[in-house]
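Attaching a single structure in structure tokens format; questions to follow.
First chain written, first letter: the chains are A, B, C and D, and each begins at residue 1.
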Amino acid sequence: MDGGGIQAAAAAAKGKGVDGEAAVTLEELRKRMADFAKERDWDQFHSPRNLLLAMVGEVGELSEIFQWRGEVPRGLPGWEARETEHLGEELADVLLYLVRLSDMCGVDLGKAALRKIGLNAIKHPVGKRHNTSSKKFARCSGSNGNAGSTTGDDKNEAVKEGDKEGALIG
Amino acid sequence: MDGGGIQAAAAAAKGKGVDGEAAVTLEELRKRMADFAKERDWDQFHSPRNLLLAMVGEVGELSEIFQWRGEVPRGLPGWEARETEHLGEELADVLLYLVRLSDMCGVDLGKAALRKIGLNAIKHPVGKRHNTSSKKFARCSGSNGNAGSTTGDDKNEAVKEGDKEGALIG
Amino acid sequence: MDGGGIQAAAAAAKGKGVDGEAAVTLEELRKRMADFAKERDWDQFHSPRNLLLAMVGEVGELSEIFQWRGEVPRGLPGWEARETEHLGEELADVLLYLVRLSDMCGVDLGKAALRKIGLNAIKHPVGKRHNTSSKKFARCSGSNGNAGSTTGDDKNEAVKEGDKEGALIG
Amino acid sequence: MDGGGIQAAAAAAKGKGVDGEAAVTLEELRKRMADFAKERDWDQFHSPRNLLLAMVGEVGELSEIFQWRGEVPRGLPGWEARETEHLGEELADVLLYLVRLSDMCGVDLGKAALRKIGLNAIKHPVGKRHNTSSKKFARCSGSNGNAGSTTGDDKNEAVKEGDKEGALIG
């Protein structure tokens, strides 16, 4: 949508790029899902937790595509067209439930995403060297009781290994 | 973006609705994430499986928000503003990794989503009564060996309980 | 295994209770999975991340069983025998991959579980009133950079809503 | 617990191996979790779906440990002791919620696991060559409507890519 002139504007107004390809908005997906559910009288099933569990189910199916492959290079070289198509379907499934879940929670997903990108940019300034040595033994001292938990919660006390590793490598 | 006229078109051309609100496109998020990673030299970490596991991590955080609440009504009545804001951040996190994962796999997520909505509409025609009795004992007879699996895979053999239930209720 | 005498001891030595029912140990499952993989020459596929993604896939299937049901009461009243059987299979699938993943990581899962129960007991003393008011605005001030992350990480900064809710209710 | 004699039997009767190490049974974990919840009056929070979402949260934390590492070799060479300890805690967290979830659903997890291993052995006979060519285009023709689903369900129609790949490699 970086074309100029009235043609681009008109095309964009229809949610399409100048070349006719869709510039799909989250709002469009939200509306389509809402219509889809309404037409089938499915609103009754679309409680937040139902949708969340449905999304977890789709994340599971997405994971199955990658489960026995070992590390997969970017761009998926060597994948057959139908494998990539299947992948697209599973990625879409996760997105569609995510969009619907956000809608049912009253969250504007697109706005939330832009806001989060802004927060991330503040948290991770460009050009700042990630000093991992100081983080390595960083612990959060915040108390964090959690009734109902049978496993406890060591997120705040334990070093965040995953983050640390990312930082170490980065 | 349902306003008419040149104003709407111009606004849309900038990726915004007439009222100034963002009509966030998946392409915009994709590009922002790509720039974000490039500026920080993080492309090296963004292999498909790394991103998938990062997304699973975010799905876990999203689930934690809902874990001790029991059933949650639509619209989240009674939630504090900051709880909803936190929820928006977790929903956004899942989306951002999903967008980035799709990009690294060479999948056009918006296009895939529209395509999947079309397939779903074919699979679930409006007004068609969901006959669950015939499905109740439906089994898939397709053979489906899976080396590497230590748990087996009863998806195709077992009745899909979740689906069946959805159908039963629906 | 709460029977006394030599009979119980002998039965237990065989990994069974006095009444003949299996007292299944994690070590037995670990060994069975190891033998299973070895006999099929599947060790080559069982890298930690492959197994983790396979487990995520099974968690997804487990979630599907619960996805359209709304809140489900304890004991699953009204479920058909075959629904519960299917549930048992999905629960088992998650366990089996978890056991295998632990084994491939060199972690003694049973020992880790007992240790964690001990840690949880220290963290959540019996009879201690869960004071949520002090926690409500508790934040962790620990710095926590994470290169590679495109979504940031607000776990330590954000109030842990899920935990807080658990605590609030509790 | 393959030692013989009265010593082994006595040790086993206490749930320990001859060498004094714990032979942790799923029943023991189940009972400990039940006592833990009862002592803290937490039974009220431990509905099946609450526990399932809590487990998904723990799977997310487990995934975070592996998210930026790329492929990880068996045995985790080069990991620091405290990284492995943290991993053990997350593996344990998943197990403990799984055990508790099974208990609240009335499922005997150990029995279900042994049963599933038996089913897997039937499904994947030792020495049987995995003929993937015949499976490659295998499709399941079983109808599978699912009301409530907004993403559709292509599990039975689509080739199971993950399984196929496992089979292809195997």
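The definition used in the following text is that contacts are C-beta pairs under 8 Å (C-beta built on N, C-alpha and C of every residue); 3 or more make two chains touch, one makes a residue touch a chain.
Heads up on the chains, UniProt names are A, B, C, D = dCTP pyrophosphatase 1.
Only a predicted model underlies this, so the values are computations on that prediction, with no experimental measurement involved.
Engineer: Counting C-beta pairs in contact, which chain pair has more, C-D or A-C?
Structural biologist: Higher contact count goes to C-D.
Engineer: For chain A and chain C, let me know how many angstrom lie between their CA-based centres, rounded off.
Structural biologist: 25
Engineer: Go ahead and note the Å separation of the Cα centroids belonging to chain C and chain D.
Structural biologist: The mean C-alpha positions of chain C and chain D differ by 7 Å.
Engineer: Show the residues in chain D shared as contacts by 2 or more other chains, in ascending order.
Structural biologist: In chain D, the residues touching two or more other chains are 33, 36, 40, 42, 45-47, 49-50, 52-54, 56-59, 61, 63-64, 66-71, 87, 89, 92-93, 96, 116, 119-120, 124, 147-152, 154-155, 160, 162-163, 166, 169-170.
Engineer: Select the category (line, ring, star, complete, other) that matches the graph of chains linked by touching.
Structural biologist: Complete.
Engineer: Quick one: in the complex, what on chain D touches chain A?
Structural biologist: 33, 36-37, 40, 42, 45-46, 49-50, 52-54, 56, 58, 61, 63-71, 82-83, 86-87, 89, 92-93, 96-97, 100, 147-152, 154-155, 158-163, 165-166, 169
Engineer: What does chain A use to touch chain B in their complex?
Structural biologist: 1, 6, 8-10, 12-13, 15, 21-27, 29, 32-33, 36, 39-42, 44-49, 52, 55-57, 59, 62-63, 66-69, 71-76, 84, 87-89, 91-96, 98, 101-102, 104-117, 119-121, 124, 126, 148, 162, 166, 169-170
Engineer: In the complex of these two chains, what residues of chain C are touching chain A?
Structural biologist: 45, 47, 49-50, 53-54, 56-61, 63-64, 66-71, 116, 119-120, 123-124, 130-132, 134-135, 138-156, 160, 162-164, 166-167, 169-170
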